[in-house]
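Presented sequentially are two complexes of subunit A, the first with subunit B as partner and the second with subunit C.
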Partner chain A sequence: MDKVQDNRAWFLIVPVFVIVAFSAILPLMTVVNYSVQEIFGPGQTLFVGTEWFTTVLADTRLHDALVRQVIYSLAVLAIEIPLGIVIALGMPGGRSAKTSLTLVLLALPLLIPFNVVGTIWQIFGRGDIGLAGATFRALGINYNYTSNSIDAWVTVLVMDVWHWTSLVALLCYAGLQSIPPAFYQAAKIDGASKWAVFRYIQLPKMRGVLVIAVLLRFMDSFMIYTEPFVLTGGGPGNSTTFLSQYLTQMAVGQFDIGKAAAFSIIYFLIVLLFSFIFYTVIMRTGEGDKS
Partner chain B sequence: MTLTLDGVAKRVGADQHLHPLSLELRPGSFNVLLGRTLAGKTTLMRLMAGLDAPTAGRVFENGKDVTGASVRHRDIAMVYQQFINYPAMTVYDNIASPLRRQGKPADEIDRKVRGTAAMLRIDPYLQRLPAELSGGQQQRCAIARALVKGAGLLLLDEPLVNLDYKLREELRAELREIFSDGKTTVVYATTEPQEALILGGSVTVLHEGRLLQTGPTSEVFHAPLSEECAAVFSDPPMNVVEAILTNDRVALADGTNLPLSAHDRNLPAGPCRVGIRANHLTVLRRSDRLVPIRGRVELSEISGSETYVHLRHGETTLIAREEGVHTHPIGSEIQVYADPDRILVFSTGGQLVAAPHGRRGLLRNIA
Partner chain C sequence: MATIHFDNLGHSYHPHPSKPTDYALRRLSQEWEDGKAYALLGPSGCGKSTLLNIISGLLVPSEGRVLFDGLDVTRCTPEERNIAQVFQFPVIYDTMTVYENLAFPLRNRKVPEADVDRRVRQVAEALDLTADLKKRAQRLTPDAKQKISMGRGLVRSDVAAILFDEPLTVIDPHTKWILRRKLRQIHEEYRLTMIYVTHDQVEALTFADKVAVMHEGAMVQLGTPQELFENPEHTFVGYFIGSPGINLMPCTLGGDHALVEGIAIPLADRAIPNVGGTFELGIRPEFVELTRTGTAGAIPVQVVGVDDLGTSKLATLRMGSHTLKARLSEDQEVPALDAAIRFPTRWTKLYRDSHLVS
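Up next is the complex of A and B:
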């Protein structure tokens, strides 16, 4: 078969190519470029190969930040996902004023900018003027997020739960609303218990939105920066210094561009790896009942 | 199970979804609920199932009053328009789920699941998830799940409506056989007169929340008690023309005269309405008794291997059936033949006065 080759067709993909190049490939390649050089000043660079990577991987402060980060993200998921599901299950259905009110209330925290959330909790937790801080003090609980590292850590976690559980709840609610009422009727006729309805109808039907919720919450919490920065500035000590804050200190504070670039690439790969693991695990779980 | 509905009605707010009706379903009977969309078929089924409580009237299972009893305590199974299966369970576990709930021993469950699956021809797919099956197979799985339960009352709410034509015919042909175990009382809702005729048994015709007629399917089809009932139970819609009945003929409003036949002889003279089903208005003149009617083709549609010709005749549009696939140019003159021996005679109020067959001697005075 004679097919006419027309190479002008390549022109059609030029716009896409240009956009992707400027928005993704070039910035990424710049980082890769920095990560293999020692930079002294504009135009003064020295190729150092993988030296930055070995330095970064051996950095104990970074190890600490990574461990802190992983524990934090897992805690966020362990709290927000079940809590979001429970809230979604308890939400009123149908088109009523109650439904609209619930949806608006849930959406409120999502509308507040990150740094404002940090400021709100900073004031909220203060022992002298904050409602939470003053309440703890009145109850005789010694709570101080600026000096006690556990208090600081828990406050950052609670702040995230307050800020983002709504998102999980709204996603799950959307998933639940898409289940045709006939499923519930059928379950009722079968005499299925509430737990069975949840386990065999609602949970499998929510799988798609749960994947999205887990991935979004994981990636977001793994890259958390603004809230702890505003609340504690990473302290006390390094107790709330997460990866992105350490990275910023390195890049902007110490101007270690090469090292920070190598760190960024490793950071990116870690996020990618975790996301892949979560995705695979959730997508396989539903079919686990099969064999 | 004998299911008895005594004057049940359903009202939601100001809407009367179902007007009071009484119905008795014998054990092992096959009952078709026929009605157009919004006729109240699903409402009635939900009352039968106990998913909803009636706002008036009582429901009896084998003489026991179960009005308002929770669906959990009722002996029923149901199949829906949508293919309802547990999404995360295999076909095997789906079918086994009602038996496991009943606490049956494992070997009995296995035997029943495999037997039912084989009957519905989904036995090769027992280890698959519902989402990995075709639509027809998913519905077979749902039917198997309902069947295996061995409930006294099996409700099917338009189970074939979401399947394509071919699958629908295939499954419909099997259904009668599958349900004929003699113990289960089956209720099958459909909008299609054809489906009701193929499935047989008895039929209950619903229209706008009212029960129009109930009885053996062929009897209701041949002698619908009202014009409304005939309209619901006809596809394409029955032709209805104003007429005057005299002592020697039926004079249609357009001037066509139909000779009297066995069933409409000896009726009191006066105005009436005549119903002619499309299959009794033919393009081919099959006998000399047929009376010609001329008209202009408005539309000619092909359904399966039949052609339905819509023709303009005076003020009305008539629909005639023609065997085989034919094309008639729009606007062309056509002559069709009405069969005077097959017409239905209704009073001016739409009540049946005379129907062919005359088996039940349906002769009444014209109002």
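Up next is the complex of A and C:
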């Protein structure tokens, strides 16, 4: 096919460039700019090269936050992905009132804003007036998210599972619905067990949506900020201080703009790297030989 | 392998069927022989898929019973009936290799691995899949995928029947022909009971020992391809089988002959009870005899056109207000002005309310 030369194509591309430039590239470049300078005040800057990066990389509090963050995100994935799949498998199919009701109920948590979720669970878990907290107290279980770091951790994790498992379930449900009935009939005729149906039909057909689910849940949980902030402000101690909260403290609290900028870039690269790894791993699984 | 018996079988998707049209499959009692190849032929929506799903056990009929070798299997699952089925669109297990796909039904049934290997290689050989055995099934072309689907049906040597639900829809015409011959060969070699659903008469007639023609939920005729051609028991069979289909003309009865617009056409059967109903006269284009006027018993016609089909000629004739088709041999001369036709009594069929009067 011959390629057509037509400069009017620029009219179609330029608006996108402009929007992306203002929304993504320029802010990112500003951050890069800050990350290599020491800022004393407006107009008073000093080029410091990679100094902020070395400082940030050597920051032990950041190391702790990163480890916490990675463990947290992996825990979120380890719970929400299998749970979402199980819920999707158990959901009623077809067009019925039951299906609609299930879908609406599942979608409800997704509609609630982050800080409201935090507030709901903060009150829910309180020992004096919260339903969960008071129930635990009545049962003699010592649960207090403001003083016990494990309790705080579990609360933040459960909160996220409550808030976002629906998303995974709905994505998987959509994936399952797209499987033609002939596949199930054929599997029945081939004498496949329930496990084999899941392993060889449902799971491979869900791979596409699972990639999306894993990436979305990973990126989101890796950037978690509001919920632990509302719950305990990152405490007790630093036990629920995740990367984004530490970053905010650094940038807004201490006004270490240069250091925070360097941190942001490293943060961004980490998210990018993990997403790339997840994507590659899932796409490779089941693809197998490239012959 | 099994003999399949339908005992007063019927199915309706309505909860309370009241009239015949409520039935997707109308009352049917029949016996299908062991080791034969059957085809279910009919246009879409005629009930052939309903019948197939009842045979396979994916659908429980609302009335009647299905028996395999005298055993009532009406409510048994496909697995319990031990049938294999190939669907319209290829069903393959994406993550498995071709070998694993073919071995899947056997491994699920805990067949010893040595037997699995032997059967898989045998079937792969029959379907020309040997070179692809180690490949991942997902990467193959649609027709190779459909061959895998068929292979999974053929790999079990102990099945009661193998069911094919329009399996060649996605295959290109040339490969279609090859695959159909392959199936036919496999059938002749292993004598499996095969049931093949299709809306393509060529496919049905070339594949099956016996063809069941379905029309509006009813099985209108079950017979060999020759029977369907020579003696269509229902006008639909005459119309659907053959290309072009049978010539049909409304007629009335006059003793030993039929009257089409006042023209008497002799019938084979001399004593037809005139008990009412709508009568039609049918004759296949292949059996219409074209001659010249003046020949004994010939009815003058007007030649409207002649199509040369290469191996034969197809003449379009006008007799009164009716248009008839006649298939002629390549070298037969078509009289331009004094054409006439004769209706050989052996091939002239009389239908009452669409059913053959015999």
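In this section, the second predicted complex is superposed on the first by the 274 of 291 C-alpha atoms of A that agree within 3 Å, B and C clash if a C-alpha of one lies under 4 Å from a C-alpha of the other, contacts with A are read in each partner's own complex, and residues count from 1 in each chain.
The rule is simple: a residue touches a chain if its C-beta (ideal position, glycine included) is under 8 Å from a C-beta of that chain, and two chains touch if they have at least 3 such contacts.
Bear in mind the structure is a predicted one, so any value in this text is a computation, not a measurement.
Once both complexes are superposed on subunit A, the partners subunit B and subunit C clash. Of the two partner chains, both subunit B and subunit C are touched by A:G191. By the touch criterion defined above, A:S100 lies against neither subunit B nor subunit C after alignment on the C-alpha atoms of chain A. Contact with both subunit B and subunit C is seen for A:P204 once the two complexes are overlaid on the shared chain. In the superposition on chain A, contact is made by A:A182 with both subunit B and subunit C. Put simply, subunit A uses residues 180, 182-183, 185-186, 188-192, 200-201, 204-205, 286-287, 289 to touch subunit B in one complex and subunit C in the other. Within the complex formed with subunit C, the residues of subunit A that make contact are 180, 182-183, 185-186, 188-193, 196, 200-201, 204-205, 286-289, 291.
Here subunit A touches subunit B in the complex through residues 180, 182-183, 185-186, 188-192, 200-201, 203-205, 286-287, 289-290, going by the rule given at the top. Residues of subunit B touching subunit A in their complex: 49, 51, 71-72, 76-78, 80-82, 84, 86-90, 93, 97-98, 101, 127, 129.
Across the complex, subunit A is touched by residues 56, 58, 77-79, 83-85, 87-89, 91, 93-96, 104-105, 108-109, 135-136, 139, 149, 152 of subunit C.
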